[in-house]
Structure formats: structure tokens, C-alpha cells
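Structures for review follow.
One chain, subunit A, links the two complexes that follow: it is found with subunit B in the first and with subunit C in the second.
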Partner chain A sequence: MKKFKTLAIFFVGLFLLTSMVGDSEDADKLVGVWEPSNKKIKVKIDKISGKYYGKIVWLREPIDPVTGKPKTDKNNPDESLKDVALKGFRMLKDFVYNGNGEWSEGTIYDPQNGSTYSSVIKLKDENTLDIRGFIGLKTFGRTDVWKRLVMKNKK
Partner chain B sequence: MKYFFKTNLLVLVVIVFWGCGESEPIQTDVQKLETIAVGPLFEGVNTATVEFDVQKILPTGVKKEQLTEVRIKSIQLSLVNTEAPTPNSFTVLLASPNTSMKECGFLKEESIKINNYKVSLAEEQEFLVEILQDKMQTLVIDFNLEGDWYDDLSITAAIDWELKIKN
Partner chain C sequence: MNIKVLLFSFFLVPLLMVAQDEEDYSMYDDLEYADEGATTFASPKIIGLSPNRFINVAWDVQSPYTMNTSDTIGYLPDASWEIKESSNVNYTGGLRLNANIPVISRNNIVWQMGANYMNTNFSIDDADPSDGPILSELDRTSLNTTGLFTTVFKPLNDKQFLIFQGQADYNGNYTFTDFHSFGLTKYSAAVLWGKRPHDRLQWAIGASRTYRVGELNYVPIIMYNWTSKKEKWGTEILFPAKANGKYWMNKNSLIMFGYELEGGSYHLEGLSNNGNSFELRRGAVRPRIEWNRKLVGFFWLNAQLGTRINYGFTYDELENGKEFFRGFFGQQEIAAFSSLGTSLYGLVGISFVSL
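Let's turn to the complex of A and B:
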């Protein structure tokens, strides 16, 4: 009987451990370089201290036609941050994995108008994300489809 | 009934006075944090991070939960690997497990060209109290490299805090 109990505890522990590892692997499926539907930017999502963040790593038009210099976050509501380089800007912040291919509790920043929205991300398939930005209720928002940048020689 | 209103008013006045009590500044050393970007690093945007606990620089007997006002007086960056290609932009951010990541400041290309690594700070800093009161803090430095670097890259940030507590 004692042997049976020890064996049962061992298998329950093993099950919990493997399910935790599986959850962490699923959560990290968000990590990579992604392109929104307008193809104006590319965003690299990485994990910092357990949460997920996305920074702009490529701009289709990196130079501001007015100043002739690299684009900055000129619409930032904080006057003192309007000169921060747009290349490198963290537009996705604080996403936490919920399970079932969904990350929530995050925000998405729109550099075109300087607004920040609540946001949820849903992994549709390995290389496709639905990113929804909203104010208040999830119902009042807009969803964009982002595609993962896949290396050509990756099978 | 007359005494009831008078007593309530007195209690309210005491609460208001107690709540408006002056915060008192505390002295701390400049906090030196070494962030690391794990190589190899390629041309473009890269990130160096370090986790820390601000409690370690507070005077004995002061707990970070007592902080009522926090400002950054200055942040001075320095590159540890001098042979590495010099980044042409830096953004400094702070985060913690239960708060949102926020931009604290940045370095312009013009400053970097004249070897001035003093960070231009964000005007809005009210979020810092919540971040420093959390169980741990993460310093994040995003930088734009102009070439590849096949090693780790370390950036040291010396942060001069202005801290106030309420006793």
C-alpha cells in the first residue's frame, strides 16, 4: 500500500511538472518577429522578467521626410519623450500568458496618434496572431492580424 | 446630534492633517546597475536588462513600502566593452512584476557623438513609486547597434534617486 502511495505521488508530480513545462513552451510561442497587416513596421516580441514586450525593429520609412532625420515618437503625450527614436520603441507592453494561446493584461501603443489601448493577443496558428486593441470593454475595439517573419531556410 | 457633527468634523480634520503630513527626504548612494545583452548581437535594436531590488540601497530601518515620492535626478550610462560598436540610440525603461513598463529617458545620437551619456529624463515620473515598492525591479536598456558584435555587451547605469518617505 505504501509503495502504491509513493508511486501515485511520483506520477502526479511528474504530470504537474510536464504540464508546467508545456505551458511555458506555449507561452513562448509569442516570441519572434511579427508584421502587422499594414506592413509599415516589424515588431520583435521578447520576454522580460516573465512578461512579453514588443519593440519596433524595422520601419518601411525610417526617415522623417520633414526633418530628414530618423523618425521619433513625435506624438508621445509626454513632451519630454517626443525625441525618443521610433526604431526600438516598445509598442507592446506587459502581456501575460493565460493559457489556450492567449496573452492579456497588456497594452498596445499607436505611434501614429500617441494613444495607448488595452490589448489581448490570440495565437491563431503558429505564424498568425490576432491583436485586439480596445478602450474599456473588449467589444469596443479593433483587431489586426499580424504575421510571423519566417526564415526562408526554416522548414 | 450637535456633538455628533462636531465629533465627526474633528475626526475629519485629524485625518486630513495626518494625510497631508510632510514627506521626508532620505539619502542614498548612487545606484550602479550593470545590464547585460547576451551576444551574439546583430546590427539593429538590441536589449540589455538587469533585475534589482531597490531595498538594498535604502538606509537601515527604511522599507521600500514607506516610499511616498520618487524621482530620478540623473542617469549616467557607460559602455563596459569599449571595442564594441557604439550604439546610436538608447532608451532606458523600468518595469516590475505588478506594474506596467515605463520609459524613464533616452539618449540622442547628437549626445552620443560627443560622448555625453547623461540620459534625458522623462518629465512624467509619478509611476516610479509603484515600481520601486514592488517586490523587484527590472532595468531595461534598448539600444540600436550600427554593426554586429559577437560577444555579450554590458552597459552600466548609475542612477541617482531622489527618495522621500513618510514616517
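Let's turn to the complex of A and C:
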């Protein structure tokens, strides 16, 4: 009987461990460099302390045509952040993996209007994200398709 | 301690540490898709567009004016008419509700459904039925519009798009316990094809079936939304329905100045006999200045101040309720005429918006 108990605990533990490892692997599929459908920016998503964050690492038009200087977050409602460079700006914050290829509880920032929206991300396939920003209810939002980018010759 | 070592400690070591923290962004210049890129579609918005109202609650009120009305004997459209009733309209105003909810909102299609309700109450001095039927009918009841509408924005590629709008309005002096026939619902529609050359400009041309000036009409439409490079000035034009210039005072405050055509065709139950529909064809031009101001989060205040200039306030008797198209040249008889003095108007509303 004792042998059976030990065996049961071992298998339960093994099951939990493998499912945790599996979950973690699935969760980290979000990590990488992604491009929105408008192709204006590239966003690198990293895992930091168990949550997922994305920062702008590339801009198609890095120079502000009005100032002639590198683009800053000029639309940010916080005056003290208006001069912060857009390149390197963290526009995705605090995403938590829910399972089933979905990350939620995060926010997405739109530098074009300085608004921050609630957001949920779904992995459609290994290289495609459906990323929805919304206000309050998911109904009041918009979904964009983001595609995974890789270093050349690293497919 | 050696001065060189000190210098190294104070200046070079921190610099090296900073350099380690900073990412070399040039490595992201030359990436490729893991499989294939997403298709780029024209966005329904441009930079600097006025807030898109999901839900709006507003109150509209007009200053007093004089209303003259003819007899209800039937006239040719360009006929002269004599005043049968004349009175002062002390109050014109009412509630306006509007909801515009996205059903599908993706980068390759946006489909929105909405509902609106607009109420206009008149308070007319000495509106005695024995003097004539029209003013007392307007004074006794209120005009209501309850509508459903849908908008589809379909980008064809990264530059071109189509817009379809359809609307069904149930207009009249009904109450919510006493409806008239739903067969009198008025249908409007518009189709536009357009281009979005860059993030600060979109334009489109199309055609519409509309009741904006009261009567049924078919008119061409031109849309021209533009924002200046500095994102301060711009235009939002949907000619002939409305045209506005705009100035963003800051990111939380927008001034708009222009005009809007507003109108509809309303069934008047008390004047309708023998299965016919006696309809008020009401249309007005509203030159105005509008202030949009962020209150908190995604809630914005909108306030308008302007004049209401009468474009048309005529009456048609629709045989068996059947709508007809008179256009600019039709000679179908007009049942009665009214003329309205110009008045000032104000509107205050609160909206739940998306930027």
C-alpha cells in the first residue's frame, strides 16, 4: 500500500511538473520580435519577472518630420514623458499567460494618440498574434494581426 | 591612488555599464518574417481625427422664434402662400441618444451597429386648434426619431477603402405607448469609395439616399478628412451633410467650426386621414462652433453653439403612406408650408469615445 502511495505521489508530481514546464514553454512563445500589420514599428516582447512586456525596437520613420529629430512620445498625456524616445519605449505591459495561447491583464499604448488600452493577445499560430486593444469591454476595441520576425537565416 | 585609476573608476566604469544596458537597435534593421508578413490595410482613422463616439447623451435647445404656417390646401412647390397661423415658439429642444457599437473590428474590416433616439419638443404660444391644425399638433405632441444604423468600413488594400452606411429611422409624433405604422420607416444609405494616401489624409467620393433636408433626396457625397503636419489644424468634411474645420488646442481639447445639415421626414398622426400619412419634411442648416473636451479617461464633453437656419419646413400627404421623390425639379403638390425664423441653438453632451 505504501509503495502504491509513493508511486501515486511520484506520478502526480511528474504530471504537475510536466504540465508546468509545458505551460511555461507555451507562455514563452510570445517572446520575440513582432511587427503590426501597418509595418510601421517592430516590437520586441520579453518576459520580465513572470510577466510579458514589449518595447519598440524599430521605427519605419524614426525622424519626426516637424522637428527633424528622433521621434519622441510627444502625445503622452504625462508631460514628463513627452521627450522620451519612442525607440525603446515600452508599449506593451504586464501581460500574464492564461493558457490556451492567450495572454491578458496587459495594456497596449498607442503612441499616435497617447492612449493606453486594456489588451488581450492570442497566438493564432506560431508566428501570428491577434492583439486586441479595448476600452472597458472587449466590444469597444480593435484587433490587429502581428507577425513574428526573426534574424535572417534563423528560420 | 593613481589619478588615472581614479578617472577610470569615476567616469569610464559607469560609461561602460550604461553601454551594457543600452540595446543595439541596429540589429533589428535587418529582420525577416518567420513565415510571411501580415497584409497591410488602410485604417479607418487618420491622425488627429475627432474622438469617435461609441455612446453619446446630449441635450439640444433652441432660442425662441416665430413660426408661420399656411393652410393645408395643397400648393405647387414654387407657389406663394399666405399665412394662416403665426405664433411664437418659446421652446424647441430635447434629448439625443446615440450608440455606435463595433460588431467586428479588425484590421481587414470594421462593422459597426448603432441606435439613435432624438426627441424635439415644441412649446408654441396660443396654439389653438380652431386657428389651424398644424401648430396645435406640433405643440401637443413631440417629434421623435428612433433609428438603427450600420456602417461597414472595408479596406481594399493599404490605400483604398469602401464605406457602406445604412439607416432605418422611425420618425413621427408617436409616443412609446402609441406607435404608428412601421411601414412608414424611412431608409437612408450611402456608399463611398476612397483613398488614404497617408496617415493625415483620407478622402472619398460616393452617393447617398438621404432625408437630411427633410424630403427624400439622392445626392453625391465628398469626404475629406485632413490633419496638418503639426497635428493642430484640419478638416472633417462629409459634404453636403457636414463640413468642419478643427483646431486641437491640446490633446484633450478640440475646437470645431463649420455646419451640419439636420432633418428628417416625420409622420404627424393627428393630421393623417384616410390611410394617408401627413408628413413634416423638416431640414435645417446649423452653422456652429463645437468644443470637445476630455473629462476623464475616455469620457468627453461636447458643447455646440450656433444658429439654426431653416432650410425646409413643409408638409406632404403621402397617399397610403407611399414615399415619393420630388427632387429639385418635381412638381408633386406640397400639402402645406411653414416658415421659421432663425434661432440660436446650444447642445451639450457627454460621450464615451475612442481616439
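General observations
Following the convention adopted for this analysis, the second predicted complex is superposed on the first by the 152 of 155 C-alpha atoms of A that agree within 3 Å, B and C clash if a C-alpha of one lies under 4 Å from a C-alpha of the other, contacts with A are read in each partner's own complex, and residues count from 1 in each chain.
Everything that follows uses one rule, which is that contacts are C-beta pairs under 8 Å (C-beta built on N, C-alpha and C of every residue); 3 or more make two chains touch, one makes a residue touch a chain.
Fair warning: this is a prediction, and the values are worked out from it, not measured in the lab.
In the overlay built on the shared chain, the residue A:Ser80 is in contact with subunit B alone; subunit C does not reach it. In the superposition on chain A, contact of A:Gly68 is made with neither subunit B nor subunit C. Using the contact criterion defined above for the overlaid structures, shared-chain residue A:Gly99 touches neither subunit B nor subunit C, since it reaches no partner. With both structures placed on the common chain, the touch criterion links A:Gly114 to subunit C but leaves subunit B unconnected. Looking at the shared chain after the overlay, A:Tyr53 reaches subunit B, while subunit C stays out of its contact range. Looking at the shared chain after the overlay, A:Lys44 reaches both subunit B and subunit C. In the superposed model, A:Gly88 makes contact with both subunit B and subunit C.
Contacts of A:Gly141 after superposition on the shared chain: subunit C is touched, whereas subunit B is not.
Between subunit B and subunit C, C contacts the larger number of subunit A residues. Residues 44, 57-58, 87-88 of subunit A touch subunit B in one complex and subunit C in the other. Looking at the complex, you find that subunit B touches subunit A at residues 44-45, 47, 49, 51, 89, 91, 93, 95, 97, 100-101, 103, 106, 108-109, 120-124, 136, 138, 140, 142-144. Put simply, subunit C touches subunit A in their complex at residues 23, 25, 27-41, 43, 47, 54, 101-102, 105-107, 110, 199, 229-230, 251-252, 298, 352, 354-355.
On the side of subunit A, the complex with subunit C involves touching residues 33, 35-39, 42, 44, 57-58, 65-66, 75, 77, 87-88, 110, 112-115, 126-128, 135-136, 139-152, 155. Taken together, the subunit A residues at the contact with subunit B in this complex read 44, 46, 48-51, 53, 55-58, 70, 78-81, 83-85, 87-90, 93-94, 107.
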